[in-house]
Amino acid sequence: MIDKNAIIRVFHVHKRYGSKNALIDVTFDVAKNEFLFISGPNGAGKSSLLKLLYLAEGVSEGEILIDGINLSRISRKRIPLLRRKIGVIFQDFKLIPTKTVFENVALVLEVAGNKKHTIQKKVKRLLRAGGMEEKLDSYPAGLSSGEQQRVAFARAVAGDPKIILADEPTGSLDDESAGIILDILKKLHVLGTTVIIATHNKELIHTISARTIYLEKGRLKQDIPRTSKIISL
Amino acid sequence: MIDKNAIIRVFHVHKRYGSKNALIDVTFDVAKNEFLFISGPNGAGKSSLLKLLYLAEGVSEGEILIDGINLSRISRKRIPLLRRKIGVIFQDFKLIPTKTVFENVALVLEVAGNKKHTIQKKVKRLLRAGGMEEKLDSYPAGLSSGEQQRVAFARAVAGDPKIILADEPTGSLDDESAGIILDILKKLHVLGTTVIIATHNKELIHTISARTIYLEKGRLKQDIPRTSKIISL
Amino acid sequence: MLFFVKQAIQDILSNSFLYGVTVITIAFLILIVSAFGLFFLNVDDMICSWKKEVRMMVYLKKDINENQLFDLKRKIKGISGISNATFISRDEALKYLKEQMKRQSSLLDNLEKNPLPDAFEITISQSIANPEKIESIATRVEVFPQVEDVEYGQRWIGRFINIFNLFRLAGFTMSCLFLMATVFIVANTIRLVLYSKREELEIMRIVGASNIFIKAPFYIVGILEGAVGGVIGIAGLFIAFSFISSSMEQTASSCIINIRFFPLSISCGIIFCSIFVAWLGCYFSLRQFLKV
Amino acid sequence: MLFFVKQAIQDILSNSFLYGVTVITIAFLILIVSAFGLFFLNVDDMICSWKKEVRMMVYLKKDINENQLFDLKRKIKGISGISNATFISRDEALKYLKEQMKRQSSLLDNLEKNPLPDAFEITISQSIANPEKIESIATRVEVFPQVEDVEYGQRWIGRFINIFNLFRLAGFTMSCLFLMATVFIVANTIRLVLYSKREELEIMRIVGASNIFIKAPFYIVGILEGAVGGVIGIAGLFIAFSFISSSMEQTASSCIINIRFFPLSISCGIIFCSIFVAWLGCYFSLRQFLKV
């Protein structure tokens, strides 16, 4: 089972919220530079699984290793460093309402201690790619849902993370925008990023040939490798 | 132009946010008991249009009449009464985080002055229909996105509104749940409710044969009646 | 109504942090303001007890007959500001003086005859507080032909009355200031609480809640907060007061003044004030956040 | 650092409501507490000026020669608590008495010979405040064979010193109480502000911000709030003070005391206190909301 190439290792993980079992005995590895879908119906545990990966919650049982670091044993000082390796697109965007679009994206770079000049250039480039150049100084409340999702996407990729965790990244996007976002994710994957997308959207899964993990009621039901697509979903 | 059967009349409506034109000269009528899609890409103005209809915002120019009442001239006391005729599913759910699922849905009925007994029965029935009977006492933060959307749906229909405004009502739902919700909406439509669904999801529009209004950059581009479906989208 | 109270209580339970903060803030402010009030209540007690000592001695010319005395007494009593006049004969006066001078009384033993005249002791109405008034009364008494001389108050009484009037002025100004500040701080705290619930308010409005439906629970919660905060504040003050007054009894056993707590009526009044302040806070905040 | 300051200022501008509330709350509290402090400062001034008047007259037996006098003076000065002793001859004393008694001085005109003895006027150290000590000094002086009698302090001085000590005790207790309350209320206000930003904090954490990155702007904002609130509070107090003191000058022209404002050093100290309190509030609140 020891895979030297694994960047994420999830080992017999359980997650309980009170008496509710959100995840039950989930085990899988994610290789470096893999493109992975986590699929399953509503309430299957997709978001819960991602929350564990970006350290928003702790496991109830089991172990998770990211980049060789056991998340249960990581020292509090190193948590921010690890988080900077991970870019997250949240299902509910989680933009900071008191910061503008520009500031929201720039935050990730400021946090990592980048120079002001670099930040300016990079953030503008990213937002232009998402078609948000006119909205730089808008606050999230002044954006449509699709626009918010695009900002969330820009923020997730701004820090050049090793791992991108995307929770329903195209849920609020029209087909065109969704296509653009997916293209960028594919490009980042080609450049070496590990991409994990949680979605219940079967169409989305079909457009890209990639490994898919299928969750149901918190259990890992199927782990379909890249080649054998379409067959079982 | 005067259509006695119209429950909603939107007449040369403009909506500006600062210098941004979210809606430009939009005019259309919605007949009683119509099933209407409002379609268009991200940022087209779908949510903005719905906001005007449920009185969350005022028009910048033009007139909107709902059930014969001009929204620009309505007295402040009558606004709540009008709102109770309208059930809204918000794109971002807008559940009250400090109330449980049950309380969130019950709120609509309490507001309208229903008896406690009636409320209990009705809310439970609605949440059972959405598959949420186990989550009655959960808070919104303890729900998956799909579950939140189902609660939002239950709340929207709880008050037996004359008009249902649904902003991307299936955006967070898997296919099965989306089907259930759509079925309920269709049933309500058959029973006499006017249903307006804003969505960028073309698939959704294709599954139901209904009139579709197509917005683009704030302008009403197409108004496709029920019969001539599929042709132009 | 009962429904709203239930709503309110549920709201308090599920937002215990927010409401706890408000109650504590109110309690502390009530504590401060009423501590200050209590302080001035006791200072005022003292002033009153000293004011009772503001007396005037009217020394009479020698050889005045009973009739003249009676007449004079009537006239003196007629002057506004004088509440009483008692005749003190010269012999009485000497005895009294000797008593008063205690350690120094040996001085008086050397006297060959009583040098003191007959006199009236005049009591000044307590409402006359400032030395100017007392001075004017003195001059009015002095003009009577039978009067030799008027001696009034120990000098310090006049001075102290002035000082204590300043005390009172300062106390009154400060109390007003404190009260204003309290209203403001409580209103601000409630505003912050409402601020963090503004989305909730917005949702309720859009769901069709009438203004009264939205506001009623907040007012009920506000009144409860005011009541609980007020009671805690007064209770806290009482505990602090008990400590101080017991330690006072130790250090100042020889001291004649006894300090007291608010009577029940004022305590209740303060709690009502506290409720009113909380209500006012709700009122202003709700106006701000429920504009439309 | 500069980056954080910029962040902080931007944050203040975009959340002006929240920070405005905090600043106003701090300002009012500083106003209250320092008004109280100012009040006691001035009361203390008065007490000090009165205490200077605590004197003792030591009346001597007749027929004491210079040597004995000198010896006695030395001995008296040796008693701890006595800061000075001045000889007053009987003639001087009578003159002084006549002056003091003013309106009553006619009484003394009837005296055939000076009934007063020679005396020492003793000044009591200001640090000796309670009447018990003064009493004990009196008895120690009384035992000297040359001493006929000791007369000390007008009765009221003793009484007042006691009362003023109570004042001070009450004032000190209340100041402590007020200060505690201030810390608490400010902390609470800041907690409420942070409470309404808790999602923002959470997002920043998940985006990879280190604790220092998240906290620094809050501390800077807190310190700014404390400084601004403190300055406004002191300025408000100064304005109120100016009003009171000018109205005092009108009503109490005859009054000898003059009230004063805080010296600059204390004003600055209060502002620092205010900053510290705000900082403390930030500290506690951030601990609460940034547990993990």
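Remarks
We just call them A, B, C and D in the order they show up, numbering each chain from 1.
Convention: contacts are C-beta pairs under 8 Å (C-beta built on N, C-alpha and C of every residue); 3 or more make two chains touch, one makes a residue touch a chain.
Computed from a predicted structure; not experimentally measured.
Between chain A and chain B, the least number of touch steps comes to 1.
Among the remaining chains, the Cα-based centre furthest from that of chain C is the centre of A. Chain geometry summary: the mean Cα position of chain B and that of chain D are 67 Å apart.
Chain C and chain D have Cα centroids lying 21 Å from one another.
Chain C has its Cα centroid 62 Å from the Cα centroid of chain B.
Contact of a single residue of chain A with at least two other chains is seen at no position. Residue positions of chain C touching 2 or more other chains: none. With chains as nodes and touching pairs as edges, the resulting graph is a single ring in which every chain has exactly two contacts. Here the chains touching each other pair up as A-B, A-D, B-C, C-D. By the touch criterion stated above, chain A contacts chain B in their complex at residues 17, 20, 40-43, 46-48, 91-92, 142, 144-147, 150, 168, 171-177, 200, 202-203.
Touching chain D in their complex are the following residues of chain A: 54-56, 76-77, 80-81, 83-84, 86, 88, 94-99, 107-108, 110-112, 155, 159. On the side of chain C, the complex with chain D involves touching residues 17-18, 21, 24-25, 28-29, 31-32, 35-36, 39, 46, 103-104, 106-108, 110-112, 115-116, 130-132, 149-151, 154, 156, 159, 162-163, 165-166, 169-170, 173-174, 177-178, 181, 184-185, 188-189, 191-193, 195-196, 240, 243-244, 247-248, 251-252, 254-257, 259.
Residues of chain C that touch chain B in their complex: 3, 11, 14-15, 197, 199-200, 203-211, 213, 292.
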